[in-house]
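Working notes, beginning with the structure itself.
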Amino acid sequence: MRKHNKKIGLPPGSVVFTGNKKVDNVHTHYLAFNETYCNDQIIESHSKTILKKPSIEKNDWYDIRGMHDTDLISQVGQIFEIHPLIQEAIVDIHQRPKFEEYENGIFITLASISFNSTLLEIKKEHVAIYFNTGFMLTVQETDSDLFAYVRKRINTGKGKIRLRGADYLAYALIDSIVDNYYIVLDEIEEVIEDLEKRIIETQQVQDKNKIHQLKKELMSMRKSVSPLREAISKFSKTENAFIEHSSQLYVRDLYEHTIQVMDTVDATREILNGLQDLFISEMSLKMNQVMQLLTLISVIFIPLTFLAGIYGMNFVNIPELKYENGYFVLLTVMVVIFIGMLLYFKRKKWL
Amino acid sequence: MRKHNKKIGLPPGSVVFTGNKKVDNVHTHYLAFNETYCNDQIIESHSKTILKKPSIEKNDWYDIRGMHDTDLISQVGQIFEIHPLIQEAIVDIHQRPKFEEYENGIFITLASISFNSTLLEIKKEHVAIYFNTGFMLTVQETDSDLFAYVRKRINTGKGKIRLRGADYLAYALIDSIVDNYYIVLDEIEEVIEDLEKRIIETQQVQDKNKIHQLKKELMSMRKSVSPLREAISKFSKTENAFIEHSSQLYVRDLYEHTIQVMDTVDATREILNGLQDLFISEMSLKMNQVMQLLTLISVIFIPLTFLAGIYGMNFVNIPELKYENGYFVLLTVMVVIFIGMLLYFKRKKWL
Amino acid sequence: MRKHNKKIGLPPGSVVFTGNKKVDNVHTHYLAFNETYCNDQIIESHSKTILKKPSIEKNDWYDIRGMHDTDLISQVGQIFEIHPLIQEAIVDIHQRPKFEEYENGIFITLASISFNSTLLEIKKEHVAIYFNTGFMLTVQETDSDLFAYVRKRINTGKGKIRLRGADYLAYALIDSIVDNYYIVLDEIEEVIEDLEKRIIETQQVQDKNKIHQLKKELMSMRKSVSPLREAISKFSKTENAFIEHSSQLYVRDLYEHTIQVMDTVDATREILNGLQDLFISEMSLKMNQVMQLLTLISVIFIPLTFLAGIYGMNFVNIPELKYENGYFVLLTVMVVIFIGMLLYFKRKKWL
Amino acid sequence: MRKHNKKIGLPPGSVVFTGNKKVDNVHTHYLAFNETYCNDQIIESHSKTILKKPSIEKNDWYDIRGMHDTDLISQVGQIFEIHPLIQEAIVDIHQRPKFEEYENGIFITLASISFNSTLLEIKKEHVAIYFNTGFMLTVQETDSDLFAYVRKRINTGKGKIRLRGADYLAYALIDSIVDNYYIVLDEIEEVIEDLEKRIIETQQVQDKNKIHQLKKELMSMRKSVSPLREAISKFSKTENAFIEHSSQLYVRDLYEHTIQVMDTVDATREILNGLQDLFISEMSLKMNQVMQLLTLISVIFIPLTFLAGIYGMNFVNIPELKYENGYFVLLTVMVVIFIGMLLYFKRKKWL
Amino acid sequence: MRKHNKKIGLPPGSVVFTGNKKVDNVHTHYLAFNETYCNDQIIESHSKTILKKPSIEKNDWYDIRGMHDTDLISQVGQIFEIHPLIQEAIVDIHQRPKFEEYENGIFITLASISFNSTLLEIKKEHVAIYFNTGFMLTVQETDSDLFAYVRKRINTGKGKIRLRGADYLAYALIDSIVDNYYIVLDEIEEVIEDLEKRIIETQQVQDKNKIHQLKKELMSMRKSVSPLREAISKFSKTENAFIEHSSQLYVRDLYEHTIQVMDTVDATREILNGLQDLFISEMSLKMNQVMQLLTLISVIFIPLTFLAGIYGMNFVNIPELKYENGYFVLLTVMVVIFIGMLLYFKRKKWL
């Protein structure tokens, strides 16, 4: 089924999941914390313990795994007064990364990526982040714990994260996703280094296809990174009541990271273009050598074979054939031609 | 007949249809609505029931199908005090997508597209949208109901469309056209995936031509999408009495869509460039194999054939010919050369 | 003679014609008009009836044909107080299109183009436009009536042109030149469509040269259109006493046209690049087929010919030669090899 | 010796000449002028008549030829209070063209170029210009009189140059250098037109190398023109006490020239890219023809030669050989095959 | 081990060295100076003589060699109140060059480069610079004395460096690193000039690989230069209490240098692209010549060999064989064909 058919003709704000269901038990990882307090629990059954509007004095982070449960998202949207357009964007996995300010909160969406170095494929997971003062909602497609490191830092009280609000938490979450971008680029770099060595040694069909495949994957990664960079730029520059200025110093640092990722993606694409050029010129070079060999052998033997053909003719009167040493003279002539040819090709640097 | 000849030498504001007549019965789909009221009717005979200036309390949407009827457009223009330059642009199918503010209303023009996956052709239809407070005029080339989904939402009262004015209706109409862009891109993606598989297996003339064709069509699509993106950007940012600020939140979302469409068009074009490169390197690779085979066979047999030629000569005195086992010695020599050649090519990785 | 040698070392404001004389009888088409009055006459002899400073109540349009008469231009410049730099630019046919505001008037220069579809050449004519309140001066290289349509509209009182001033007239004149750009692009498009069909069928030397020629011409056209677009943009945005705001609405429309022309020029250039790629891959494909044929024939017959050579040798003792049906056995072996080869190539999809 | 080694580790403001000495007798061409007065003299011996700070009532232009005399430059710098960074830049021939405002004056540096149409090389000369009210200092590498035309205009009182100050003189000097850019581009264009004709007729090694050479030279020219354009743009827009507004009208014109030069450089580079593509496709086309000829001859004669080989075998029992007209039947078969082949290739458009 | 794994999951401000330890004895080169005073010493044992907060009246420059000692960096950070994000950036060798203003000081990071002309590799060293009024901290990876020239100028009191503060010192340090960029580019230029000569003479596999290698290294250099240019631009334009306006005049000059380096890097990359094109067209040209030779020999001898084959057949009745001078007639025919072929190829410019 086609990607965008599901949403045709629907009014804006329709909460329609555009991906494939990836988790069976939709559940929410709830974490409430402030400087002195930390409560970490998993909500399995949303129908019973419905999410409640949190108090101001602590930070409440609802991390929902299972984006396909649009009813849950709608309910959450109503309880926390989330704008319908945000609700729609949360469950639209084709959504471009963006940073948007609404009256009640800040919405950020981005892609978490990982690299399969066997299939040479980048796997993307859509992540939605919404926060205001003391409240954080994140929605993921799968139940892989993307934010494990951040959660651990909160639980162990490492760094400043417990001292700060939802804005800093948003920074920390995005930062941990952007860290994965570096990992993916490192892995791709390794593949490319292998590929380069192999292309210089031998040119094989599968290497050409691998370059093609990697170019496509990097193009796809670029489509996630480029708008993310813009989004983080907005995040770092906006003046919004939900974001403290001291947090933005960290977002500025994160912005530098996205620029660096972007630069690396582009540089990697150029390297792949270079590899492709290398592949093609290696092939041309090999072709040249093949043709030189063919021409060498042909140019040497075709005239000799012609000479042999001449004296294989059955004319009654071919005087040379009757000479006692005619055969030996001809052999000598042939050797001279042969050596002459070799010298000629030696001078032409073919040998 | 050439595209632009019709308008040579005419003063600005001349209402000249630049396309081909595509509908016989020009008719107007009239839909009046507000929060509580909804009246849906089709005006077949414009000569009798002329369009009337609508009242303020409700929204009046005149959806004219049949752009070639320039008299009708002029009449409507006069009744609703539409600027001559707008009247001209409404019926100019070569008009670039644009968003323009005039004293009496807002004018938007764009292209609706569909994809013929057999001919690999994108079909474009020019659509003109003009509105002010409570009034909406749309003009289409054909009588296909481009806006069926929006009309249905108004009739059924789904979403917020009945609660809002002509500005929100304009958003909804453009949104439903931009939705089709996604569909077209999905369809093109399917064609490209097929093409890619086929090119990796075998390289055929028609595949090369299909890449060329798709590149042209995407270039043409880009020519519609790029100015549309600018137009929607203006729509989302302008401060104009005919547009409510709350509607612009939706237009901002639409703007994101046009950026995404643009990105996808550009990415698809790059994929096609990549396919073209793949096609060419596949062909080179195949050529190399062909030449290697030719060279292999030639290099092995040309010297052997020369040897056979030598002993096919008719010199009276060729001592080897008279040896009892001369033939068998030569055959052995030939087998040795043959095997030597095979080993040589094996070492060179040709076999 | 080289293009720019004429002006070396001269002070700025030197009125030097940089082109070739293209008209013998320099003459001026004079047209005075306002809402109620219209006087159309041709001034043949400038020496007698010298141009006079016009009154304010009507619009006076002096259309000089014959740019090489630099004395006349200087005289006109003095009478109408035209800045020396403008006088110089009027007669410099290598002048880039531009829009410049001076204390006494507005100066616009641009190129009028036409396409020779036989030679595939774009012919350019330099046009200079200078105006202030109620005064219009245009200078053309040749006596072809570039502005015939506008003149006719004034004479017949069609459109609003009689009701408006020199600023609107300037708009109308430029618009009529830009209309020709569309015509030229339509004609080039026709040539390209022909070319495309021919390249898909057969690849010929002249087609390659035609692509090269068209690319050069479009590059040249781009050099005229790109600065014109900037100039019209300035025209549409400037706040100048010589230009009424209501005229600028029309200039804005004209600006859209120049963007569209520019887009089309660039798209056409990309199409030509695509055609070039197509030409090259068609040639590669054909080369592949040629090489496959050569290889097919060689690979089949070279071993067979070798076999025939073996049994053409004159050794006294070749047992096979003496077998009664040796010949028929060999023929059978050859047929088997022949058929085996055919099957091999069939499997490799060469046949 | 390497270009930049000379300056390693030196503090800023070090007056180090980075080029090669090009003139033996360093001398200064001194020209003092105002509306009524003009004094033109050459200062040969700087050690005796040291340069003196000029009075305000006239313009004093010191035109030093011989950039390598860094002591002289330092002395002049001290007398006229020129900033150390300017003194450094004056004698640094690798300096990018720039326009800089200092407290005491304006500094401009640019490259004067000429073209050697035999070696296809652009020769650059570094020129430094410094001025303030009534004072002009220019420094050149060689004693070629780059500014001859301007000097002549001052001496003869042609144009307005005598009536104006050092700012206008600066304009006139730069203008005369930019005029040379046009000459160089005209000369390169001539070379390219020759090249194009030759490539269409025959493809030769040296033509390929010439394209490569010209591409390099134009890249080098671009490196001078691109920053010059920016510099002139600053010159035309700055508000500085040393520059009168009426002079800037002329600088604006000069700015247009630099844009045009830039456009032409870029267009010429694209033309060279086009020529390169043409060269390569001409070569491919020729290769195709060569291969077609080889294939034609091979495909026709290889089977015929095989047939001849068959009947050259020495089997005791080959019935055909004994037929009275066996030879003639075979010849007929061969002619039929030959003609069949020709018809086949005719149909394939090879002949 | 992968580049970015070390930092996964850590909170911002974690001081983690991301490179490889390059120096055994971490030590600090301490230099205190003002107009009249200069004290140069090396601190070997940081555990004993811990760095002390310097007084305001003089400039204290701590130049730490050995970036891997993160404990030392943390301690220094605490003593001098350096922001945690700076501490992290100091020891992150993958950090993009940047200029950042914090409340307590200015942080600049960049790469020092050198070129290995045998391996064709650019070696990068990460350098961190932090300063405020009277305080300068630099951290290097190795103990190579990158800043020897600057230190010498301070010790000898050359230039103005002793009269000025840490801001000017920062300028001088960066300037001395950027000077190395010129050296590297000069060295690369030499390699390219060699390469170009060799490619025009002969095309070898290693040349192709060298172009590929240099393209990669320049891409890597560009990744350091491009953000440095932006950083220096910020440095030259910022209004910050730690930077005097008179120093920024020098930074502006430095900014010009980074632009020039950037231009040269890009120009060099284009030259490499040009070389690659040259390599490929040289190969094509050579291939053409090879094929022409093969075709020439084949086309001449294949028909002649066929003729010899005809008269080598053993038909009992071949009348020509019995003619007394049949052999000589045939030889004459063959010579005629041979000469005819030669003339044909002469006319086709193959010989």
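Should a chain be cited, it is by its letter among A, B, C, D and E, assigned in written order, with residues numbered from 1 in that chain.
The criterion applied here is as follows: contacts are C-beta pairs under 8 Å (C-beta built on N, C-alpha and C of every residue); 3 or more make two chains touch, one makes a residue touch a chain.
Keep in mind that this is a model prediction, so the values were computed, not measured.
Student: Take the average of all CA coordinates in chain A, do the same for chain E, and state the distance between these two points in whole angstrom.
Tutor: Centre-to-centre distance between chain A and chain E: 26 Å.
Student: Roughly how far is chain A from chain C, going centre to centre by Cα mean, in whole Å?
Tutor: The mean C-alpha positions of chain A and chain C differ by 42 Å.
Student: Provide the list of chain E residues touching at least two other chains, using ranges where the numbers run on.
Tutor: Expected reply: 284, 287, 291, 294, 298, 302, 305, 309, 312-314, 318.
Student: Please classify the inter-chain touch graph. Allowed labels: line, ring, star, complete, other.
Tutor: Shape = ring; chains linked end to end, path closes on itself.
Student: Could you read off the chains around the ring in order, chain B leading and chain C following?
Tutor: Traversing the ring with chain B first and chain C second gives B, C, D, E, A.
Student: Which positions of chain B touch chain C when the two form their complex?
Tutor: Going by the criterion above, the answer is residues 2-5, 7-14, 83, 85, 94, 96, 98, 202-203, 205, 208-209, 212, 215-216, 219-220, 223, 227, 276, 279-280, 283-284, 286-287, 290-291, 293-294, 297-298, 301-302, 304-305, 308-309, 311-314, 318, 320-327, 330.
Student: Which part of chain E faces chain D closely enough to touch in the complex?
Tutor: Listed in rising order, the residues are 148-149, 152-153, 158-161, 172, 175-176, 179, 182-183, 186-187, 190, 200, 249-250, 253, 256, 259-260, 263, 267, 270-271, 274, 277-278, 281-282, 284-285, 287-288, 291-292, 294-295, 298-299, 302-303, 305-306, 309-310, 312-318, 349.
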